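Chains: A, B, C and D, in written order; residue numbering restarts at 1 for each.
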Amino acid sequence: MINHAWLIPVFPALAFPIIIFLTRRVRPLSALVGIAAIGASFVMAVGVLREVLLNGVTMAHPVEYASTWLGIPGLLKIEAGVLIDPLAAVMLLVVTLVALLVEIYSVGYMHGDPGFSTFFGYLSLFSASMLGLVLANNYFMIFFFWELVGLCSYLLIGFYYHKQSAARAGLKAFVTNRVADFGFMLGFFFLFAIFGTFNFRELAAAIPSYQNTGFLALAAALVFIGPIGKSAQFPLHVWLPDAMEGPTPVSALIHAATMVAAGVYLLARAFVLFASLPGIMLLVAYVGGFTALFAATIAITQRDIKRILAYSTISQLGYMVMAMGIGSMTAGMFHLMTHAFFKALLFLGAGSVIHALEEQDIFRMGGLYKDMKVTVSTFVIAALALAGVPPLAGFWSKDEILAGAFDHGFTGLYIIGTLVAFLTAFYMFRLIFVAFFGDRRAGLHAHESPLTMTVPLVILAVLSVVSGFVGAPFVSHGFSSFVYYGEPHHIEPNYGVMLLSTIVALAGIGLAWLLYGRPSDVPARLAERYRSIYKLLVNKYYIDEVYLWLFHRVGLGLAEAFNWHDRHVVDGVFDGVGDVTRLSGHKLRLLQTGNLQTYALVIFTAVVIIALWMAAPVLGGVIQ
Amino acid sequence: MANWHLLTVEILTAALGLGLLALGLLVPHSDRRGIAYVATAGLAGILAVAIGMREASGVVLGGYVIDPFGTYFKILFLVAAMLTAVCSYDYVEKMGLNQAEYYALLILATLGMMILASSGELVSLYTGLELMTITFCILAAYHLGDAKSAEAGIKYLLLGAMSSAIFLYGLSLVYGSSGTTVIREIGQQVATRGASPALLLGTIFILAGFAFKVTAVPFHMWSPDVYEGAPTPVTGFLSVASKAAAFAALVRVFFGALPDLHNFWVQLFIALAVLTIVLGNLVAIPQTNIKRLLAYSSIAQAGYLLLGIVSFSVLGVGAVAYYAMLYVFGNMGAFMAATAFYNNDGSDEIKDYAGLARRSPLVAALMLFSLLSLAGIPPMAGFVGKFYLFMSIISRQYIWLAILGILMSMVSVYYYLLVAKAMYLGNPPEGSKPLQVAPGLQVAMVVSLLILFILGIYPTPLTNYAMNSAVTFFMP
Amino acid sequence: MITLNHYLAVGGLLFCIGLFGALAKRNAIAVLMGIELMLNAVNINLVAFNHFLAPDQVTGQIFAIFVIVVAAAEVAVGLALVLNIYRRRLDSNIDDLDWLKW
Amino acid sequence: MLDVSALLFWLLAAITIAAALAVVLLKNIVHSALYLVLTFAGVAGIYILLQAEFLAAVQLLIYAGAVAILIVFAVMLTRRGDIKASNLYNFNYLAAGVVSLALLVIIILGNGRMAWTAAPAPAPASNVAAIANAFLGRYAIPFEVAAVLLLVAMVGAILLARGGKPER
């Protein structure tokens, strides 16, 4: 199966033209082609994983095969190749599985949309590109697909192109990502300039013995700009919240589970490069940690369900990047995997709600649990997993990152991570209490979504529960002896960290319940009837007020500051660069007067200047 | 005199062009459409012959070089001419006159380019260049009902004549300082006699002439005006083929006759490339007319091609050859879309493209993907081409130049996307109808769209061919 | 003794006079005249080089004949264009040809 | 001491340059055109000094004959307003003068520093025969191209001069 792994991206790649050119008019057929293709890829991915497990393919002994794609003898060889190691095998499984479920879900979600077929076409193209990215055995190929997934993301964000905001969001995503890709490209060009190859394994063999670490660090820093853009790290994260303008299944697949994780995957692929440069590792770790905290604080203030999830995604991606930075590639990839499942679930659940209500503001929802039992219960499971409540998936992966930070002595990052865990639990359950519980708002007619949508939810919910166990410290030969850097190792359970993170998660949930969970008119009625108990309630409310004050003055203030910074400084810089470029274009344009003799004068002036500049020294005193 | 057969392609082209002129006198006006088909079919036939001769090599009459490098470019010209011919059917009919002469001139311009690309001798190089230039003047002014077209014609003629005067002065100095006009012999003379003041001056003047033809800044100023005024298919042809021909001749002259002076002229090319890339991309941003936008974009593209010259290596020449070929499809694709739009709406303003995607998905897609290819975004062919060009200068340690080039191609995405935004996100004007595109043009559009993708995803055959032709150029 | 350089100097002078005419005159026909002067200057160069440096072959003279032919073709097309524009705008001044700009 | 050929050279050079200056300096375009003919004739004289008699003949026939007459015709056809002020300078003539002068200095200095290397070979006995051989021999290809070029120019000139009348 491994020898045919190159077929995995080919299936959806074929589905794209078939859907666009052949089955466009017949919608069910389009969906069928798309799902069948990704289904085939999924089966292949399972087969590959099985063989990797059975045949002793390890990180140190991967399977690689390639043929030359572009070649210039003696100077340059670019391969189209496949590199299968446990890292790729896991990633293949995650991508195909989530993509398959999302496509099935989309049958229900996109039902009746005029762009139904096109949507499946784009999804197939995206899946093909993403799978190609995962299989790539060299920087050039990964960049090729990296750009392609960016293009698909752009197409899908702007899917509702008649909406002005969607159009703008698509453009923003595209431009921001081009900036990042520019850095990435320069970075691996520098690597090529140093080592003369793009191949990951050849580079991995050459990098540790390379002496000129200054130049290497520059290359690594440039490569890191790629993940900063694609995985929406500060300060290039601005595109991701806006990207929520796309259809919700797209948000689930591309902007939560897979594409945005490509940056983390790249860090894992290029881990040798980063691991040999402690300074860059520290930079990676702190960019990740800061992004995690920063995005989590913003998530607290959001009202739009998809925006909460978007900031949550940025925050969790920061977590993964931080894990990479502290040297724990295993933990980062583990969290990538579990996060893919529960975050996809959260988005699909949100989509189910949006589908039912056509409403995205959580404060205009409420009481949905009565009508949408499957959606709400799976959503809660996912939220618990994200919050890190044991024994769900998120607990194990997050705990491993925190334990890693703690064990390696990154106390600051450990504190940040724990704080983020608390905030995460809080904002997720704020969302749940406000949107799903409490009173039903008037005028809302919720209904459960069709089976095509709920079945994927249930499957993802199961995965959100169980997928953490493969990496739990109590499992021998778990995830850490499978995907690793250096030597396979076994994570020792750190009970102190576990306990603290559990407490923090529960505290976050509890605080959310205190602030948003209680039916708000009950205290009022009680206060009317029993004035003596009212004091107690007031006292209790007083505690709330403290919390609230703390939050509003400190927490929310911070969040607002971040938010303002985000809107004005970061966006402003991007706009400013654009303005300068555009204005210089306007000024330079005026040189073009339309008079042909002026043009001729410019030409001959140029000739004279060139002659004076170039010829004078060579002629040796012609013009002295 | 036994190797006349090497000239088959040129002779057939001349015969086709002259035959069409004669045919135009014989065929009644009502049947003139047939001439367009004859022209296209004839070009296709010659293309097949040229492809069959791609490995041929030899020297005719001591000064005319047939080699894979030249034949590669001839194939390029023929492809471009075919696309232009297909693109012109409706447009020329709309202009309303002299169809036979139009196609004949198109083909004779192609002949001029072929001579230019294959000349191993300065006299035939000059005549080829002038055949191309003068024919283009007439074609640029061909839209007789439009004053802008005449203005484009006279601008191109006068500026072209001035630039070719200085070019010619340079040729005379090179002839004087080497005593011969055969490029190979000049190379030998320069190697033995070394640099001299007149030779260096001649080099500068020749460079100015080529810089004019390839629209390098600051010799570029004619091009936006001429591109805007000329009939759209002619603009496409001019921007693609004449530029490629000038590059082929430039490579022959500078790499063949003046390689010993490369330390001297490479610096000039670096300066030109930097100016061209920066200015072309920046001034493209505020443009509102699609043809002017494409003019500035094609100035910028010329800057990228100059990078291949700067690298002064086999890789650089191969990269120029490859990029020129895919540039044919990228740029002609954009011009085909612009022509189709003009045929329907009579406008070249970008704002009128609003909502084009809903009026004609094919035209919009062709425009979008052509522009993406020009911007160098994978998986479009332009990506591979730019990659080769940047690689060629990186291998010569001009890393800063590569960075500048990549940075400016990021900028280019901005203005390309402005067009895409109008087409995909704007609303079509009230009462607008779907675009009517002739079947022939539709086929050409689909073909060039496919080729843009194929060359991006599986470029190896063409890159190998381009590299091989570059290698034979260096080792005849 | 009249040397090659004397002829080249005449050529250079003629070239630059022609260039000045081409750059500085308003009338399109005058610009064409300037260009003709430039081409004649080149021909003086070519023939002089031929005469002084490589008299065994007639390359320079041949080249000059081709230049004359090309110049004639250029003049023909150029004057036709001038006539065309004149009929439309009643003007053959280049200053006024600025519909295409920016 | 001046020999005859030197005297002739100086004379022809002076006439040619003076006539060329008149072409660009005069304000009446008809006068300019006439001085252009004189310049062409002067150049033809220089060709004779350089033993290029055939070329001198070609120069007289094509330039002084055909081209100059074409120009005079065009001048007449586009005449409008005051002929005495028909050939004025444009607004950037000063810059044009500076650039032309600079180029002149560069060219003269560049050529002046050359040590030209001559090939030690005698001139062919008959220019005309040698030229004919070259045209039909080594330069057959540019010769044919030039023929095509003239045809193109003819077709183009007719098309463009006839103007925008659609054919019936």
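In the analysis below, contacts are C-beta pairs under 8 Å (C-beta built on N, C-alpha and C of every residue); 3 or more make two chains touch, one makes a residue touch a chain.
Which protein is which chain? UniProt says A = NADH-quinone oxidoreductase subunit 12; B = NADH-quinone oxidoreductase subunit N; C = NADH-quinone oxidoreductase subunit K; D = NADH-quinone oxidoreductase subunit J.
Just so we're clear, the structure is a prediction, and the values are computed from it rather than from any experiment.
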**OP:** Among all other chains, pick the one whose mean CA position is farthest from the mean CA position of chain A.
**Re:** D
Subject >> Winner on C-beta contact pairs when B-C is weighed against C-D >> reply: C-D
Original post:
Counting in whole Å, what is the centre-to-centre distance of chain B and chain C, each centre being its mean C-alpha position?
Top reply: 26
**OP:** Provide the C-alpha centroid distance between chain C and chain D, rounded to the nearest whole angstrom.
**Re:** 6
**OP:** Starting from the mean Cα coordinates of chain A and chain B, work out the distance between those two points in Å.
**Re:** 43
Subject >> Chain centre separation (chain B, chain D; CA means) in Å >> reply: 31
Original post:
Can you list the chain B residues in contact with two or more other chains?
Top reply: 123, 126-127, 130, 134, 137-138, 141, 144, 150, 153-155, 158, 162, 166, 173, 176, 179, 197, 200-201, 224-225
**OP:** Among the residues of chain C, pick out those that touch two or more other chains and give their numbers.
**Re:** 15, 18-19, 22-24, 31-32, 53-54, 59, 62, 66, 70, 73-74, 77, 81-82, 84, 94-95, 97, 99-102
**OP:** Return the residues of chain A touching two or more other chains; collapse runs of consecutive numbers into ranges.
**Re:** 589, 592, 594-598, 600-601, 604, 607, 611, 615, 619, 622
Original post:
Which of the residues in chain B end up touching chain D in this complex?
Top reply: 7, 14, 17-18, 21, 29, 60-64, 96-98, 101, 104-105, 108, 111-112, 115, 123-124, 126-128, 130-131, 134-135, 137-138, 141-142, 144-145, 150, 153, 173, 176-177, 179, 193, 196-198, 200-201
Subject >> chain B - residues contacting chain A, complex >> reply: 154-155, 158-159, 162-163, 166, 195, 197, 200-201, 204-205, 207-208, 212, 218-219, 221-222, 224-225, 264, 267-268, 279, 282-287, 315, 318, 357, 372, 377-379, 383-384, 387-388, 390-391, 394-395, 399, 402-403, 406-407, 410-411, 413-414, 417, 421, 424-425, 458-460, 463-464, 467
Subject >> Contact footprint of chain C on chain A as seen in their complex >> reply: 589-590, 592-597, 600-601, 604
Subject >> chain B contact footprint on chain D (complex, rising order) >> reply: 106-107, 109-111, 113-117, 119, 137-142, 144-146, 148-149, 151-153, 155-156, 159-160, 163-168
**OP:** Would you mind writing out the residues of chain D in touch with chain C in their complex?
**Re:** 5-6, 9, 13, 16-17, 20-21, 23-24, 29, 32-33, 36, 39-40, 43, 46-47, 50-52, 54-55, 58-59, 62-63, 66-67, 70-71, 73-75, 77-78, 80, 86-93, 95-97, 99-101, 103-104, 107-108, 111-112, 114, 116-119, 121-124, 127, 130-131, 134-135, 139, 142, 146, 149-150, 152-154, 156-161, 163
